[in-house]
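Same chain, two partners: subunit A is paired with subunit B first, then with subunit C.
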Partner chain A sequence: MATEVITRLDPQSRAAARGWSDLTIRNLFIIPTILFLIIFNIFPLLYSLGYSFTDFRASTNAPANFVGLANYRALLNDPFIWTNFAITAKYVVVSVTGQVVVGFGVAMLLNRAIPFKGLLTTLLLLPMMLSMAVVGLFWKLLYDPSFGIINYALGLGRFEWLSNPDMALYAVAITDIWMWSPFVMLLSLAGLSAVPKHLYEAAAIDRAGPFYTFFRITLPLVAPILMIAIIFRTMEAFKTFDLAYILTSQPTTELISIRLYKMAFQEWQTGMSSALAYIMLIMVVAITNIYVKYLNKVKER
Partner chain B sequence: MAAVKTTSEVALNRLAIVAVLIVTIIFLAPIYWIASTAFKPRNLATTIPPTVLFEPEIAPFVKLMVRRSQLREPPTAEEYAAAPWWERIVLDDGEKIVRSGRGEVQMSAYPDRFMNSIIIAISSTVLAVGMGTLTAYGFSRFKVAGEQDWLFFILSTRMLPPVVVAIPMFLMYRWFGLNDTHIGLIILYTAFNLSFSVWLMKGFIDEIPREYEEAALVDGYTRLQAFFKVVLPEAATGIAATAVFCFIIAWNEYAFALIMTNRRAQTAPPFIPSQVGSGLPDWTVIAAGTFLFLLPVAIFTFLLRNHLLRGMSFGAIRK
Partner chain C sequence: MRNGMKGLFAGISLFAFGASASAQELTIFWAEWDPANYLQELVNEYEAETGVAVTVETTPWQDFQTKAFTEFNARGSAYDMVVGDSQWLGAASEAGHYVDLTEFFNKHKLNEVMAPATVKYYAEYPANSGKYWAIPAEGDAVGWAYRKDWFEDPEEMEAFKAKYGYDLAPPQTWAQMRDIAEFFHRPDENRYGIAIYTDNSYDGLVMGVENAIFSYGGELGNYETYEVEGIINSEQNVKALEMYRELYGYTPPGWAKTFFVENNQAITENLAAMSMNYFAFFPALVNEASNPNAEVTGFFANPEGPDGDQFAALGGQGISIVSYSDNKEEAMKFLEWFIQDDVQKRWAELGGYTAHAKTLESEEFRNATPYNEAFYQTMFKVKDFWATPEYAELLIQMNQRIYPYIVGGEGTAKEALDALATDWKGTFEKYNRYE
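Up next, the complex of A and B:
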């Protein structure tokens, strides 16, 4: 495959005459990376595709038996798996919506003449620089019903965040919103700063109200980059593992990644979990495609 | 915005400033709480109402670094008097420091895990940024058949959920004996960051005018010399931004570290949560571990804030 990279270059070129030719340099610079990515991404994927048709268990030395589509059939008929997907969908919707509202809102505020804007923006970025695992661990202390600072600050008494099955998923989403709103904020800020000022001036001359200005000028022009932020965050939220895994172990917070982890590395159902991994992969690709199509539509407008 | 500022516009601006300050305080509160808990005496960590004013202690850090065991009997007055200050901290809490046969203080596992994090994050960052810069230059300056497709392939390697890749990687690594090794995690994180690094660096290198190298070539430089002496220095900002990114991602990674390591090469992210256990956790020690772990990233972010803002917007605000 990598040989397809070769193109025509003028062999008489001045650079080719001394030292390495441009062609050699180009191949030396590009091919190792491509090979590396193929070995560590494509190869494992094919490998697990093979295992998804077997009953292999990595914990035993028993040889793998070919079982055809049995794993896929079992998974698609398993109501528990669909529960995991439903939980994941709810989580994605809640946390991405929250991030867009908070992130875009803060960006709108920051897009004014605010003193120490650079410093404030940098400080606001800090949450997303941290490790999700360590953040999750620490939010456990913040959420603690008897001595957590959140209950104290909000005057909630001994409110249960993480051990209440109805609340736990929202608690995870709140932490995720705290961590990743800054990402949406940053991209929105980039988009907002690119809106040409003369449009606002024209709107002001026409005595357009703030709502009209927002929905007719600001939002349409920021929409493409906001869409990119939403794509990224949806993909990441769909994959969430660490945060939920560390914060709580409620059945109501068992996202599909957590189910997959347990199936693969605690129950050692390697074949079955490879099949689930593939179902997940197809879903991520499908969701991303729908989004990208929508993004292109937004861009065309 | 408008050329003439009306009074309502000024009032609105003030309101925005106040709102931004409130948001910033809310967003930073959890981080402040981690940092302050790391310097608290144990009995003040979990008080209600929360303790805001206290005399900072470094006891949590001492306890984080040494191995301790529960005292069976309270220390005698002589024992206490003979102990250095850092041992007294532990004695006060009803614990003693574990010593080896030769009387040496035994370190806890934390310094080891922290070192693993440093080794693995730095090595994979250097590899990913190095390879990424070369590849980005290749794509930026030479004709490559199907360039867009290759670039998309490179990006698509990041779309896979880590847990999906983890199963075959685990089996492959077991086969090659790479589980629980530094090299294993370094390779993984490099593969992880490479796509990102290529895309970011391509954006930065595309911005460097080709005329710079062409002038160098005319001056008798070879293509390689032109790359190293002209292009690389120009790309320094981009390299810095990309490096911070890759470092943050490798430094914070949890899922692979949890699956692929258990002792020798374990990094801090899976280690810190494993210390909570089932009993009553000492939150000051956990906070100290967390705080130390956050420190490098916080310093990095602050030092390179301007590059970072540019790098992170994916070329959306190209000036």
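Up next, the complex of A and C:
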């Protein structure tokens, strides 16, 4: 029956005149897309998976030799790689937590009747519309110990944000928080505006305090959409490259994606870097799955 | 009609054959910087002489290696020649990306024509093999700029002599350089002692440290046997690394990711008394438009180590013919033109740093700019990093080990170099270099 519905055409249409069914038209649109995906996504993905089991180096004309799981073993036994993963994990936690706190906080402030609310919201969204490279260069100047405005505004003298190995990662995270909090804010605003007003009215009648209202009404109802924001931002933060690469080159800010770039395009260890990319992929998928499971639980409540 | 078609076909064939036998265009690939512009000016003269247009295609330094090797790996013919980094020699020659120029080299006796140290590091691979893959093109090395007005101020000179017991002048040794850096390091006055390379994203920091290592009598390893244990972590190298770390303490604030741009700024913005940089970036320091202190900027060669050794880290590049070029013969003709005495002289006049011994030794060259004398001295005592195909891994390992010590003060110099020796040994074992 369903097929029948799909294939039925308006007898007056040009397609019908040419003898095309809905199915034909659908295939005309879908097949090129599928081909495109196979050629540019699936094929390279499988090709690089094959490379991850070889000692191939793209800078040489030498053939790729099958080495089994040797690349994966070498990577998982490399203490530098684990340091890179630890730095990435720290960065993800700091950055995403900061974005959620700031983004949700600003959304709460905007979720009330204030003058120029629309304009204010649009202006707050500007940072995430900028290019990462521009943001990196811009913040590099802001952090400059000699003439940067941040030290001047905070009265920190010649505090070194990017040169200090202990501070550099936080400096990158602060920039990321500035850039992406608006994204969390936007989603949170959507969630907040969807909370039924009568729940607040009922809470007010019951003389519930703001603390109770927030934790029992607002947060549970916004939580699913907030979780979506967290999933997106975690995946993005895990892959961060440009911001950290432009701002500083401290070993303490060498995220796993930066290590991958160096391995692939400076050292030309193609096989090894393909393996690292797959390890990263597996980790991102695993983390996302955990989040999605949690999201489903939150939704069930 | 048939004859007409035949004639047309013959004409097209002749044109096509003619075009392949003698190219009218050549492309040289290089990084985006002033010397590439000077080279374009030079090759315009080649076009005027021969009618063969040569284009110097450039890309930002950050992409240079990636873009060049991507084209090599694809066996692309986009570039006929490349002015490649000296470290690329091993990777590019072993993979067959470069044309073997040994015969050309010997025929034109380039061993005698070019400064010996430049032949060794820009052209030959493996070390002492007598096989050559490039013609030294842009000679370069690390030298130093300093503020003459600070050094020659009578009050400063008096205070310095009172404190250190000898006259304030461009340093002859690394120990003197340390004293001078300490003397001028005055954060309260926004004036600092010294600007050195610290950027660990490619070869900046490593080049900077090499200046100390080589002048302290150290080596990175044995380039023929790949032996590193006891060489890279030798006593001399430990002392050299300690000195570099000490100098880092006299740099301006925020000096933890600095390379050639920042080190020129240290002079132009009155930040530091002395600044390390490649000679290729010194033209900007004698130009009043880019350096308000041009009049009072002086230059000196890398100072001696404690035992009188004096070497410098090599920069610059040699020019190689790409194996996949469709115009190899024409490129060879271009190289024959390029190595001529008068062309090398003209190359130097335009601002290129020739490695041509006769030109370097000439009084005319040595007096042409305030830094040419220091450059001349340096080009006969340069040393370079490993040129093996796995050089990038070695470079990253060195950065990973020495950067935390120099900038973060983590551990000791001995610990950093011992760990580096283990890393490098492991890498050479991985690539079967000991077999």
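Just so it is clear, the second predicted complex is superposed on the first by the 282 of 301 C-alpha atoms of A that agree within 3 Å, B and C clash if a C-alpha of one lies under 4 Å from a C-alpha of the other, contacts with A are read in each partner's own complex, and residues count from 1 in each chain.
Simple rule for what comes next: contacts are C-beta pairs under 8 Å (C-beta built on N, C-alpha and C of every residue); 3 or more make two chains touch, one makes a residue touch a chain.
This structure is a prediction, so every number in the text was calculated from the model and none was measured.
In the superposition on chain A, contact is made by A:A58 with both subunit B and subunit C.
Contacts of A:S249 after superposition on the shared chain: subunit C is touched, whereas subunit B is not. In the superposed model, A:G118 makes contact with subunit B only, not with subunit C.
By the touch criterion stated above, A:S146 is placed in contact with subunit B and with subunit C alike. By the touch criterion stated above, A:M280 is placed in contact with subunit B alone, subunit C being left untouched.
In the superposed model, more residues of subunit A are touched by B than by the other of subunit B and subunit C. Applying the stated contact rule after C-alpha superposition, one finds that A:Q266 touches subunit C and leaves subunit B untouched. When the two structures are aligned on the shared chain, A:E201 is found in touch with subunit B, with no touch to subunit C. Residue overlap on subunit A between the subunit B contacts of one complex and the subunit C contacts of the other covers 58, 144, 146, 265.
Note for the complex: subunit A touches subunit B at residues 4-9, 14-15, 18-20, 22, 25-26, 28-30, 32-34, 36-37, 40-41, 43-45, 47-48, 51, 58, 106, 109-110, 112-115, 118, 120-127, 129-134, 136-142, 144, 146-147, 149, 152, 178, 181-182, 186-187, 190-191, 193-194, 197, 200-201, 204, 225, 228, 235, 238-239, 241-242, 246, 257, 260-261, 264-265, 270, 273-274, 277-278, 280-281, 284-285, 288.
Those residues of subunit A whose C-beta lies close enough to touch subunit C in the complex are 57-62, 80, 144-146, 158, 160, 162-165, 245, 248-252, 262, 265-269. Looking at the complex, you find that subunit B touches subunit A at residues 1-3, 13, 16-17, 19-21, 23-24, 27-31, 33-34, 37, 46-50, 131-132, 134-135, 137-139, 141-146, 150, 153-154, 157, 159-172, 174, 187-188, 190-191, 194-195, 198, 217, 222-225, 227, 248, 251-255, 259, 268-270, 272-273, 276, 283, 286-287, 290, 293-294, 297-298, 300-302, 305-306, 308-309, 312-314, 316-317.
Against subunit A, in their complex, subunit C makes its touches with residues 65-66, 69, 72-73, 91, 94-97, 187, 190, 199-202, 252-257, 389-390, 392-393, 395-396, 400, 403-404, 407-408.
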